[in-house]
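Structure, as structure tokens:
Chain nomenclature is as follows: A, B, C, D and E, assigned in order of appearance, with residue numbering initiated at 1 for each chain independently.
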Amino acid sequence: MTVFIIRRLMQALLVVFLMSVIVFFGVNVIGDPVHMLVSPDADQADIEATIRRLGLDRPIWEQYLLFVSGAAQGNLGNSFIFGEPALKLILHHMPATLELAFSALFLAVAVGVPLGLYAGLYPDSLLSKGIMAGSILGFSLPTFWVGLMLIMLFAVELGWLPSTGRGDTGHILGIETSLATRDGLSHVLLPAMNLALLKISLAIRLTRAGVREAMGQDYVKYARAKGLSTRRIVFVHVLKNIMIPVVTVMGLEFGSLIGFSVVTESIFAWPGMGKLLIDAILQLDRPVVVAYLMIIVLFFVLINLIVDILYSILDPRVRLRDQGA
Amino acid sequence: ATSASAEKLTIGLASEPTAMDPHFHNLGPNNAMAFHIYDRLVAQDEKQNLTPGLAVSWQPIDDLTWEFKLREGVTFHDGSDFNADDVLCTIARAPDVPNSPSSFGAYLKGKTAEKIDDYTVHIKTAEPYPLMANDISTIPIVSDSAGCAATTEEFNAGTAAVGTGPFKFGNYKPGESITMLRNDAYWGDAPAWTEVEFRPIKSGPSRVAALLAGDVDMIAGVPTTDIATLEANEDIQLSQGVSNRVIYLHLDQFRENSPFVKGNDGAEIKNPLMDPKVRTAISKAINRDAIVDRVMEGVALPAGQLLPDGFFGVSENLQPVAYDPEGAKALLAEAGYPDGFQLTIHGPNDRYINDAKIAEAIGQMLTRVGIKTSVETMPRSVYFGRASKGSPEGLPEFSFILVGWGAGSGEASSPLKSLIHSYDKDKGFGSSNRGRHSSAEIDAVIEEALRTVDDAKRQELLAQATEMAIENVAIIPTHFQVNTWAAKKGLEYIPRTDEYTFATGVVKQ
Amino acid sequence: MRDVLQVSALRTHFFTHAGVVKAVDGVDFTVRKGEVMGLVGESGSGKSITGFSILGLIDPPGRIVDGSIRFNGAEIANAPEPALQKLRGNRIAMIFQDPMMTLNPVLRIDTQMIEAIQAHESVPRQTAWERSRDALGLVGIPSPEERLRAYPHQLSGGMRQRVAIATAFLNRPDLIIADEPTTALDVTIQAQIIHEAQKLTRQTGTAMIWITHDLAVVAGLADHISVMYAGRIVEQGATDDVIDRPLHPYTVGLLGSVPSANKRGQRLYQIEGMTPNMLAMPKGCAFAPRCRAATPDCQTAPPITEVDGRRLRCHYPQVQGAAP
Amino acid sequence: MSDTIAPETSTPATKVETPFRRFASEFFESRIATVALCLLGLIIVLAVLAPWITPQNPYDLAQVDVMDGRLPPGSEAFAGYTMWLGSDGSGRDLYSAILYGLRISLSVGVASGIIALTIGMAIGLLAAYAGGRTENIIMRVVDLQLSFPAALVALMLVAIMGKGVDKIILALVVAQWAYYARTVRGTALVERNKEYVEAAQCLGLSRLRVVFRHILPNCLAPLIVVGTVQTAHAISLEATLSFLGVGLPQTEPSLGVLIANGFEYMLSGRYWISVFPGLALLLTVVSINLVGDQLRDVLNPRLKK
Amino acid sequence: MTAPLLEIRGVSKRFTKRLDVAGKIAQHLGSKIREETVHAVDAVDLSIAPGEVLGLVGESGCGKSTLGRVVAGIHGASDGQILYDGTDIAALTGAEKRAATLAIQMIFQDPFASLNPRMRVEDIIGEAPRVHGLVSTSDTSDYVEEVMGKVGLDPSLKRRYPHQFSGGQRQRIGIARALAVKPKFLVCDEAIAALDVSIQAQVINLFMDLRQKLGLTYLFISHDLSVVEHIADRVALMYLGRIVESAPTEELFAAPKHPYTKALLAEAPRLDQRKRDFAPIEGEIPSPLDPPPGCHFNPRCPLAREDCRARRPMLETISPTRAVACHHWTET
């Protein structure tokens, strides 16, 4: 376990370092933020003043060293656009993204697992075939397209749910979240659904494959030979086994939910990190982009760690220190 | 999901302000937002005419001094009185906010303010300066006690966001919403709304959907594609107004061999864009009506000069160049290019209304008269840097570009100074002259206009400069943007030429 | 003694895409109380399917198409699922071949044993736990409390098989079907397992069907032996009879091919060819293509004949003792 | 000797059952997969033949006219042909644009798939083959890459590198190679420990030969499965990037660009501008996925009886 | 005695799972983590005369296969030497090395995993001789047919793939593959364990025929005593990586000396024992990760004393043909 955590930490450090180099220099290649930032009325002297003010007049490696020394003290620099510390901006936008991602994850499991269970138990039924066809669609439809369709249907045509934005927030365990209010929940439903679509398909397939495999295993036959009821077999013996891949894969997919939230957030005007990132990229707000990636890397390391721990809890055969990863 | 109180107004914005600090980042959305909370000495009405704001009057008292008489009895949101000290400290703060990516320095350069008494301020310049009031109309006045020493973060948190404007700061959730409350003690006409919420919804279709779903009461920046359907929708009220923004083409006029102009065989050729005949041919080849009608869905005006009719300094003699492909071909032949040449048009794809489509349409039109044009569009993040100084020598990289210019000051000197005047780093002229057109005669007229305090005279000079520029085909204007707002039934927005969305401009029908 | 199980003319077929697999095709046998019946046959001969048929554990596309299975006098072939569920693990228990695969890897031993009790009796968990612990003690597992808390992977193969045996005996069944329970185990462990099973059947009087492909194992364990070939029982009788005086050429061949029954270094008796494809069974006697004694008569299926308490399916029973 | 050991009797084989034949017959057992394969074939043929079967070359600006813009399906273009699927905002005939777009989308998907597969395979094999520290380092890098969502990686890369088919392919390769590397390494590890590899070692065959002649062919099945799924992914990912404005250039639209362009017309009733390209994308991706699914079922030894 | 064809001298094989950097750091921080070493084969000495069949018997995990692999050159030995025809294989290079490698071939247990599913039978059998130039490319086909004939496979099936054969046939293919490089020495690792009883007999017969015909020498690894008894001239018993007893087959079965051998013989089920009471030895084979000190068998041994726990008994020669590793073998 200790080794495991050490390994993960080392990994994190390495990624953070590599990421910072790639992004720092990469963003520099894209374009010159100054020409985006200054007002068109500005004259040449103004532009130069801005370049100096943002420290962009120094050689890039010097900027990087400055950044690193700042980062070592927890200062990832100020956003060019917002003028505030990039870290603060990101932390500010993080809860919205997290609540979206968590809701999507919840939906994926809550919808995908039962459907997958059914499709796995009755593979030849018509409903199962329908479920599987649906899951293929879920894999194939572009997220952004589905997003607008959802808005069209549920917000514009039916008027059941709000179209965009985050809605009222409340507090759960001291965290400000829209999951705490009715209005907030109604706002989160559509984007979460949109984001979850792919993961629902994934959960369905994972579960179905797991069930199909488990049902063919000797231990299921043995459980039947012990005279257990089908319910107990499915919900204890089979479910516990398929939860292992489902939980691990879904856990790891949490990262990609955050990554993919970029699309959903722009469609639903969801004030999360993803939108912040895409805006930062489009406006060359280098400190924000770099800080975002740093945070995300740390996040992923954390998720991986949690998933591994969960995995070892769910699957008694696994002990963390034995693992290669 | 509209709020219970009819007095609350929710507006969906196309772009989001980046701060609540009125002097941080001189950027359209920021300014629009700031003017709800803060007043200026001189205000601009919806046509960008100057009107009294916190100053009741302003006039030059000699060649180099302007006197501003301040409004008395105005209080800030925190109850403190407004007086000359606030003006002085604002003028000191505005050009120099830490970390600000684009300052208000350009408007205040060379100006020194002096307090005469509590309600009189003098602003001096080294040379005669007619645009004093225009410049001053861009500066929001913050409070000496609460705002001048505050940081941007304090403004964002609301503690420093204290102005004299019609609304008080309510709540700022970046990326999500900005809420404002009515300032019941406002010196001017009290706004109709007790509470206003602005929601940035960047994606156009989502914004329209939000309006249709009733989540917002009004939206700005209605995509041209949706105008027809919204017009047909009985529950929606549209407002449209031409803006101060001209979309135009800049042509490389300073390089013998321009990087994106090639002969028909792909070989380098002498830059044909230097030849006014070729430039005229290009202008004639462009079907402005088709752009307005097909690309802009009718929501734009064909442009023949730098600002639409009605603005200060426009010429009455100029009409949009008529579409004349045959004439264009003839001119090309005359200039020695009977078979045309190869050209690349560069443009942004996320900056102006339908920008990429316009570039493509222009590409089509030029190709039809024999100039084989390829189209390359890119995000503005990449585009503007390259367009300004992307070449290896730090010069503009492209040969033929699509750009837009909004005259923030609301009169013709703004585009003339930046786009037409020769590039002059030291004097700060031609800063956006990416084609590097250069004509000593036009420069002289522009500079004279900028020194002429007499309005009538100045207007004439500006019109003259404009005519000369168009005559020379220094740039090729294509159209003026028309902005569209949409509100739910019962509301109407008074359109503004400066493209700003003001809650005070939303009226109940 | 009382007949615990009577199987007669049992046919279990699988209806696959490729055709009908007659995995069990006319099997008869009887198991009496306290008796061990050895069911011997090569891989694919239908031993396991026979066992599963008794428990009603045949999955589609398979089903019992014919025959009767009487357990304690009651017909259970194709009985309704709830009735079968009551029998399984309660009156008839089963032990599987691979101890690595039969215990659910993510559930603790206690869970898996207790559920086997609670599925059939409503007893408090504590009582069930105590019974499980005692059962583990009976099969010679040291410190059973600790083992109950373990997960299967923490136990060796032998230990797991003991757990399976203990579980089988939990509800004092009348019949245990042991499907090659020692095949995957080492010689010394095999001996231990057989020892425990033998001890418990003797103590409880439980009848047992011991499925194996190893004649030597049942030789020392079973009272009766049934030899299966291609879905049918070809020879059946008391252990001594079958092993010392085999009548069916297949049994003779099998015994002849066991090294320990032969002289060292000599060529073994070898049955040529291989087990028939279940999809394309030869007409008549399934063994005929490999049988040296086969004649054209063997194109017709041999009837079951009874000779001194032994049952046989062959037109040409071998002369006693003589090698074919 | 042959008198003592009789050759095994064998049923005379009418035709030699090669692994490919066996695979094909199993593949076509599923009707839906067969339909999907045919559909995919049709789509590919249409895409390849695009220049010969479309009335307009949508990339040639001389053939595109804004005056034809936004025409509903069935309208007639200025040039005289009928636009059966209507036109987009720039006057491109959607039927032509979709077929040309398919060319780009498919080639982006396939090219990135093949390059990523080749790179991933080489790296994965190297890892499995070398073992020890090399393997460790390689797999750490793969882990890293995998812990980052592909969408994000591609997004950053395209943002950095700019638009263009080559850039997007490169971005997709970077985003995807690790999946292949992991798959190959996983199967190669399993195969490496199989006895036939030991047998080859015993027979004194060179390591290279063992890796390429023996191990590699046995790793191909899962690779192909991952490959089809990843290709479908790549196609949708390209569409998503285009939607976000960092994908392919406007003037040479892929399906994704077409949909993204049509996106703004969604609420205006001009459904055809994004719905038809959307359907084309959907059919393509679904058919690839269905084929991939069936491949997985057929090639996965665990599901074999 | 003739000079041995193959001699195993003090061969050990250890598998060590090394710590990575993180592991080392953790160790420094005081974690109890350590490198794990499996002593799969522990200082084994054996010699096999030309034409002899040496049976190697032991329970699962005792290191039989590992020893077999070391002999066949798949694993290198951690310690010790393998001498083929009197020379240390490890010291050979070039053509000699190859000759020695090819001379020792291995037959595997799993008839499914040991054949490459994507190669035709003719390639499986013909590849190595062709690559090594034992036959020319044009002759390969005939050669393959010849070898297939030797192992009783119908040569007309050579264009088939392994999955089209039954288990017994596959095992013959595996044997043909080994024979194709004209080996002198075969390591048979549980070569018949996965086969049906009736097929087992066919393959055992094939081994015996080949031995006669080609004068092969075998290291015949099996856990099945009766098979070894039938086929081997001499038997070595292995327990937890060590040889505990070796003797000519008849002598061993008639009079086992080591307590483990005795237990094994007693417990093996036999056809001639009816209705016996099984009375097994207690316990299971311990984990090779953590073997008991002294004599590895001591925890299960009825004769175990103090010294068994303290000292490892060495394999001592007790008669010209027999050796046993036990402190107390004389006490029965």
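What we mean here is this: contacts are C-beta pairs under 8 Å (C-beta built on N, C-alpha and C of every residue); 3 or more make two chains touch, one makes a residue touch a chain.
Values in this document were obtained by computation on a predicted structure and should not be read as measured data.
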item: Minimum number of chain-to-chain touching steps separating chain B from chain D; value: 1
item: Chain pair with the higher count of C-beta pairs in contact (C-E, A-C); value: C-E
item: For chain C paired with chain D, centre-to-centre distance based on mean C-alpha positions, whole Å; value: 50
item: Rounded Å distance between chain B and chain E, as computed from the means of their C-alpha atoms; value: 87
item: Geometric centre distance via CA averages, chain E-chain D, whole Å; value: 47
item: Multi-partner residues of chain E (at least 2 other chains); value: 20, 166, 168-169, 202, 205, 209
item: Multi-chain contact residues (two or more partners), chain A; value: 30, 148, 152, 156, 266, 281-282
item: Chain C, residues touching no fewer than two other chains; value: 267, 272, 274
item: Residue ranges of chain A in contact with chain C within the complex; value: 217-219, 221-229, 232, 236-237, 240-241, 244, 314-317
item: Chain A residues within the chain B interface of the complex; value: 30-47, 49-50, 53-54, 78, 80-84, 89, 92-93, 96, 148, 151-152, 155-156, 159, 162-166, 183, 266-269, 271-272, 275-276, 279, 281-284
item: Sites on chain B touched by chain D in the complex; value: 204-205, 208-209, 212, 223, 225-226, 228-229, 290-291, 294-295, 349-350, 356-357, 360-361, 363-364, 367-368, 372-379, 382
item: Contact footprint of chain D on chain A as seen in their complex; value: 11, 14-15, 18, 23, 26-27, 29-30, 136-137, 139-145, 148, 152, 156, 213, 252, 255-256, 258-260, 262-263, 266, 278, 281-282, 289, 293, 296-297, 300-301, 304, 324-325
item: Interfacial residue positions of chain D with respect to chain E in the complex; value: 1-2, 4-8, 10, 13, 16-19, 136, 194-196, 198-205, 209, 213-214, 217-218
